[in-house]
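You will see chain A twice below: alongside chain B first, and alongside chain C after that.
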Partner chain A sequence: MKKYLLKRIVYLIIVFFVVSLMMYMIYNLIPSDPALVQMEPLRKSLKPEEWTRQYHELRAKLGLNDPLIVRYARWMGFAKDVNGSFNGLLQGNFGYSISYKRNVIDLLGVPMQNSIILNLISTIITLAITIPLGIYCAVHARKAMDSGIQVFTVIGYSLPTFLIGILFIYIFAVLLGWFPTGGAKTPGSTYTGVMEFLDRMHYLALPTLVLVFTGLAGMTRTVRAAMMDTLSQDYIRTARAKGLKEKVVIYSHAWRNALLPVSTSIMGWMIGVFTGGSLVIENTFSLNGTGRLYISALNNTDYELVLAMQMFYTLVSLIGVLLTDLSYTLVDPRVRIDK
Partner chain B sequence: MKLHSRIISFVLAVLMLSALALTGCGSSKPAGQVVIGNSTEANGDWTHAVFGSNNATDADVVQLTDDCFTVQSNQHGDYVFNKSVVDKHERTEDEEGNVTYTITIKKDLVFNNGDPITAENFLAWSLFTLSKAGADIGTAVTGYNVIPGGNTYRTGETNTLPGLRLLDPYTFSVTILKTGYDGNTYLPYYFDITYASMHAVNLDYWFGPGWHVKDDNDGNGAYLVNDNGLELTMENTADYFNAAAFATSDRVTAGPYNLVSFDKSANQITLEVNPNYCGNFEGQKPGIQKIIIVKTDDETVVDTIATGGIQIYSGFGDGDQINAIYDLMDKGTIDSSFCTYDRAGYGYFGFSCDLGPAQYKEFRQAVAHLLDRNEFANTYCQGYGTVVHGPYGSAFTMTKDSKKEIAALDTYDYSVEDAVALLKQAGFVYNEDGSDYVDGSGKLRYKKVTAAEATNYESFCKTVGGDTLMPALLNWASSTDNPISDLLVTMLANGEGTKQAGVEIRQNLMSFPELINYLYRQDLYGLGGDYAVPTYNMFNLATNFPAAYDMAFEFTTNEEYLAEGYNTTHCYDEELDRLSMDMVYGVDGGDYATYLDYWQKFVTRYNELLPQVPLYSNVYHTVYPNTIKNYQEDSFWGYSQAILYAKYIGD
Partner chain C sequence: MDHNKNNGSARTAGKKEFFLVRWVRRLFFPNKELDIYAEEQMQSPLRVVARNFFSKPIAVTALIVFILIALFVFIAPNFVTLDLGEQDSTLVFVSPGYSMLKVPAELEKNGVADIAVGNNFSVGADKEGNIYVWGKHKLTKVIDLADIPEEVKNAKIVKVAAGADHVLALDDRGTVYAWGNKRLGQTILPDELESNNRMHTFGIKEIHASNQFSVVVTDDGRVFTWGNDNLADIDYDAETYDGHVVSAAVTNFTYVILLDDGSVSIGGFSPKFTVQKIPEAVKSGVKSIVGTSNTIAATMEDGSLVIWGAPTKGENNVPAFSSPIKEVAGGRYHLTALLEDGTVVSWGGNRYKQIEVPKDIGEVENLYVGSFQNYAVDTDGSIHTWGLKGFLLGTDGLGRDVFARLVNGGKMTMTIGALSVVIEMIIGIILGGIAGYFGGVVDMVVMRIAEVVSSMPFIPFAMILSAVMGTRVSVEQRMYIIMVILGILSWPGLCRLVRAQMFAQREMEYVVAAKALGVKEKKIIFSHIIPNVMSVCLVSITLAFGTSMLTESSLSYLGFGVPLPTPTWGNMLTGANNSIIIQNYWWNWVFVGAIFGLACICINLIGDGLRDALDPKANGR
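So, the complex of A and B:
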């Protein structure tokens, strides 16, 4: 087990650096000049000679005149920066955002917290609905109710998220007036404690509803397929032949065995809680999350911010995959990791 | 009888005075709150753009909270001294042409925390941002080239700034050099009043405890000094400076409102009236007690207004949204009104006037004749747009004062006949095989050109019998997902008139950053050398004019400037260059008559050369609730300024 873990961690580190190199190269292939982005607003207020001097000074300061591989080494922290010190990702410097004019590390906290809360709530609710729903569909496979659920859930899966978002806003906010159209709290409110929590939840309800609706189909079908596969096994037939109650057959024998493929999906979803910021949902409901931050950074050609977020996602994903593999041993006693 | 009438008159007078007093009391007390929607997410940078430009929401919050300036721009975009701050001011010019503004401020000014405002507070910002400490922190300021002693002060060689003087506790002066340290001529400058625009900052709040501005009257000027012996360095000030610049509450400022909170998580900014505010340049103080600014998504903004989520939203330009809100008003869903104003800018397509057929004035004019711009503006803006015929907006004071000159501009009405006549005039009278062109054949026209004229356009040209033939073809750089581009394809590139005239417009789709690189002809990182080669000769973009109409260097013919991305139209016309420069650098500050004369000549020359063809200028609509009155935005008068004049009249 230890040897296996060590081997996987070494792989993880190698993959991380390969991905970082690829990401850096890709983003730097995009035709944009960070120095120009910063200097362009000053073109009118400076005389051309002064503008030109400052522009070239900034390019030198940002190290933009050096070869790409040198810039990568500096960004990662393998090589000294223009000031002569190691000050890269490995040293904890996530970079500087040219659009927000602050260190990247200072920008990530609030959006990440918002995205995690939204994703966590919607993931828990979705799992709470889809797992029983999937089991029910598998047990009642090819009956009218199963078909109805399949059709209903697939609507959320098939329609574009922004369309569902706008439709839900129209129904639940404009027509029924149950929820606000967007935002994260009542404008100007000074609630504290429970009232603040309830107010936040009131504002999160509609985006959560949309996320849950769009997420129903995937997990329902995964659970349904896993359960149907398990229910057709010989040992289930044996259990039934023994005269066990149907509930015991389904929840004690079938569900536990169906859990193996399902657990992979659940783990994937939980990783998504930390990495996924829903760009569409966050934009539609004016929420300050990581998806929105990411697209804003892309639009503003703020690549240090984009790269920092990408590398964070990469790291979380790699660790998540490792944890998923390790979790197999917990779910299925037949799985042993010895090598 | 007489006595009775006197008593009655007296009683009436008392009643009237009481009523006036009561009304006055009522109107002077701010009340109520409004929620303002904004499509731009606040970054939380509350400096006056010292780290580069502020985004729109940040700029509005700064305007609302920190506008204790000596000079402000008025409703027409003209700069004026702020009579609520400035007691007296004087502009003097020495024999070398250097200009000094001496300003005495009023004595009763205070910050929102009650600290008094003196001349020190007005000098402190410039003294810090122009210093080496300011440079190290990353302040992007420019004054060190034009203020005496600024060059050595910026590098840290000196710690006093002779160009700034603290003359007494309420008087200070700023001097501007005629010739800057970079060798450029900075005076005369029509907008030189902007050099006298300084704002009050609280020294303790921005730089830490113990800082003062002093002037020893030895000619070395003003300087920043610390009671505790601290030197003016980045290390000693950065923490305070950054904390003040990005604070989320309790900022020490002197504007009409105080920043109560900036909730980053909810993208929500809450402001409340600053009772210590001295008023703006007209002495106006806010009438609404509380303002909340929230981030609003463009797709759902109408629904948000319908449900009362926001009450004010500035600058609707989309016809569908404007009509939807009119519907909401008609149905009584919302109790709101619109105020409308013309955009100080427009969408346009521009040429690279040194490449291919776009280098000929007559060709550019012919292309303008091939588009029905009125129809274009009407279609795109759905009735909420206008057409201008030059680089101006209807809100400019100059435009209002130039009715005759504006009326005399060529409107380039849709006319295939006029376009054909101009194309012939430009020499596009051949077929691709060199034979004479027959009007109405629908084929592409060609013109015999020299090798120099064909430079960088060889791939489109034909060589027939030793002659080089250039097609009447525009190579158009067009950004993706752009509705203007789509409409231009329909109405111009694929227009029947374009084909009839024998012109082709070839659309090349690309990302916006790539388009900008081609526009500026930038050679990035040494990777994309192609950008430096003139490739496209038509671009569609949009522009907004600032309050200070300054076109200097926009039409430069200086090759060094061109290499750095100046004059993106590549319209090399000595007269246009001269007019655009002299309009601001050939006119004394405040000499409006001379400025206007240059402006009119510039607009006329531009209209003739036509480096850009204006397509549409929006009539913006701002929705506001009927619970407030006296709310009027304008082209240079956004919500952060208009809200000061609004009065809350209740539900």
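So, the complex of A and C:
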């Protein structure tokens, strides 16, 4: 197990650096020149030859003439920066956001908190509903209730998230008026304590609902399929044959085994939600989360911020893949990994 | 070889059909049912799959619906053309329906006294003094132009005028009524006119309404103007012109007057708009004047026409007339003339067929034109209409036809979805085939690449690629870039599937036989094994098409896909990401959401049906 874990972590690190190198190369496709930005105001006050000389000096000083791989190493923190010290991603320098005029690291706190809260709540609710629902559907397969739920799940996982978002805004915010259409808190409110919490939850309710609905659809199908597969196994037939009650068969023999494949898809689904789904949701509901920050950074061509966030997304998805594999081996002793 | 072929289909034994026809027939119309053991030998797996698939009513329905949607979005754009630069401020958020030219039957029966056309609605008065409003008269949730004030209903109306969002009516005693949107003073009459409404000291000759302002000409040659004077120049120089004004003509942002000496003049103090630069030709001898949105047309005493201003859609391309002009009327971008011999000629902008005068029109007595609509009353009293009837699915926030954008956007979305799946298939099948067939180091390398690609967060990565690569390219190039991005990021799934199938297939006898016969490896992989694997990949490909469409639309929705104004289903919904539009202008998102949702649901149902059809357990074995 330890050997496997070590191997996976080494592999993860390698993939991370490969992806980051690719990202850095893509980032460098953008024709941007920090030296020119700095020198542009001086263009009128200096003679052209003098300006060109200073410009090239500055380029050299900033290290812009060095090969791509050297610049990548500096950015990552492998090589010494032009000022002689290590100052890269690995040292905690995530870059400087030109659109917010602040260090990237200071920008990430609040949006990340919001995104994590949103995803955590919706994940917990989804799982709390989806597992019993999936089991129920599998046990009562092809009956009216199951068919009805199947229709909903097909709709839920076929429709794009933003369409469900618009639909839910129309139903729950416009027609019924239960929730606000967007935002993170009542504008101009100065609530504290419990009221602040309730206000925040009120605003988070609708996005959560959308995420739960989309998550519910896919997960219920997974749970149902896994459960139906388990119910057709021989040991279930054996359990029934020896006269166990149906309840015992389902809740003692079947469902724990059915959840094994489900537990792995949960991780995959969470990564998808965190990197893709919440991006769309935060945009639809104007929530101040990581997805919205990412979009605004892309729109403002604030590429240091984009790059830092891209690294964050990559890390999230890599760790997610690792955890998926690990959870698979942890919950299912049949899967052997000490090869 | 021949023996096998004949077994497959008894009817083709005699003559050889075209291979496509044969395939399709074998797929869809199996000529006889075989029992399980016979089938095992005779029927190809693909045929079994097809039979299983076509025994599922839901999947078949989904397939039919999807094919219909696909045909619709690929055929309809040939008929519904899209002008990307098209937009019109007067056609913003028009609700769906063809009601703009629906003249009330009672008006036609009683005889037309006057008809006026506003933005997307028309007002008419019959000879008994009743007033009618039709078209898109519901401006907002509160303001409805069909809510005619009681006093107007009771009065005997002889003249009407319609502006952008307000209506004027004149009754037989000379009272002027105004209703509609009050926000910019459109309905607040000047004091003198208000008191005249009660005293009736002077008569009213003409009423005009335009873009949030009104102009009234009195019998004694004076002019009253009111309304939104921030937008429009509605100054009136009373000292110079009082007592001399014969007629007035309104454009979008100002008005001009015709004086009793036969000259045209501006009503205010100094010209601000192009139409206020009065040409020398109309300093005398003018009989009447009319306005379009940006031009003025003056009919001279000698029957010729002088047009000035800012013609944008060919308002000044006057055709040759068969007889002298009796009357001219102006719409938004077009002019319609009634000639002495009763024929009608129209010219100018033709985006909504507003200049295509119907052939069966009789001898016309009166002509009422405005906006994009024309009404001609012939000598029998029946009304002929032509021009813009309305929009099937309404218009969006820039006055663009939602239907045209829907079909063209659908074509775009489906094309991108299909081509990105093709790219995905090419990469996935080639790499998966090679990795699975050769195994070892090749397999390791390919699988590591696949893992790197699949561990990249999909949407954020696609967004940055599109943002970086798509900034300095044309819309078309950007479309291809999106397809390539989608294809490149989504191949690992298919690659793994093909590889796994490859592992199983490469040990089969037919591969060994092929090897023994000395067939090249390339040929073994791509002509022997891959065709056998394809049926399993079918599910994956079907679902990938749905996913590609979804991803493309999500990207476009977030603003990183196909850029506006080129429509796709995704970026059409971007405009709907706004509670005001969601609430008030439902047609902007309901139709596109419905057809897109339906297409996605169908693809998933087809994929599910195929998966069930491929599952050997489902065949009861």
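Criterion: the second predicted complex is superposed on the first by the 288 of 339 C-alpha atoms of A that agree within 3 Å, B and C clash if a C-alpha of one lies under 4 Å from a C-alpha of the other, contacts with A are read in each partner's own complex, and residues count from 1 in each chain.
Just so we're on the same page, a residue touches a chain if its C-beta (ideal position, glycine included) is under 8 Å from a C-beta of that chain, and two chains touch if they have at least 3 such contacts.
Remember, it's a predicted structure, so these values are computed and weren't measured experimentally.
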In the overlaid three-chain picture, which partner chain does A:Ile266 touch, first (chain B) or second (chain C), both, or neither? neither
After the superposition on A, what does A:Leu64 contact: first (chain B), second (chain C), both or neither? first
Applying the touch criterion given at the start, work out whether A:Ile166 contacts chain B, chain C, both or neither, answering first, second, both or neither. both
Tell me the contact category for A:Val174 with respect to chain B and chain C: first, second, both or neither. both
Go through the superposed model and pick first if A:Pro41 touches only chain B, second if only chain C, both, or neither. first
Under the stated touch criterion, which partner chain does A:Asn283 make contact with: chain B (first), chain C (second), both, or neither? both
Please work out whether A:Leu211 is in contact with chain B alone, chain C alone, both, or neither, and reply first, second, both or neither. neither
Check the residue A:Leu231 against both partner chains and state whether it touches chain B (first), chain C (second), both, or neither. neither
For A:Cys137, is the partner it touches chain B (first), chain C (second), both, or none of the two (neither)? neither
In the superposed view, which residues of chain A touch chain B and also chain C? 29-30, 162, 166, 169-170, 173-174, 181-182, 283-284, 301
How about chain A: which of its residues touch chain B in the complex? 28-33, 36, 38, 41-55, 64, 68, 99-102, 110, 113-114, 162, 166, 169-170, 173-174, 177, 180-185, 187-188, 283-286, 288, 292, 296, 301
Going by the contact rule set out above, which residues of chain B touch chain A in the complex? 33, 35, 41, 43, 45, 49, 51-53, 140, 142, 145, 180, 182-184, 186, 246, 263-268, 270, 290, 292, 294-297, 299-300, 303-304, 306-307, 309-310, 511, 513-514, 517, 520, 522, 524-525, 527-528, 531, 546, 550, 553, 556, 558, 560-561, 564-566
Per the touch rule above, chain C residues touching chain A in the complex are 451-452, 455-461, 463-465, 467-469, 546, 550, 553-554, 557-560, 570, 573, 576-577, 579, 582-583, 586, 589, 593, 596-597, 600-601, 603-605, 608
Touching chain C in the complex, chain A uses residues 15, 18-19, 23, 26-27, 29-30, 154-155, 157-163, 166-167, 169-170, 173-174, 181-182, 271-272, 275-276, 279-280, 283-284, 294-295, 298-299, 301, 306, 309-310, 313-314, 316-318, 321
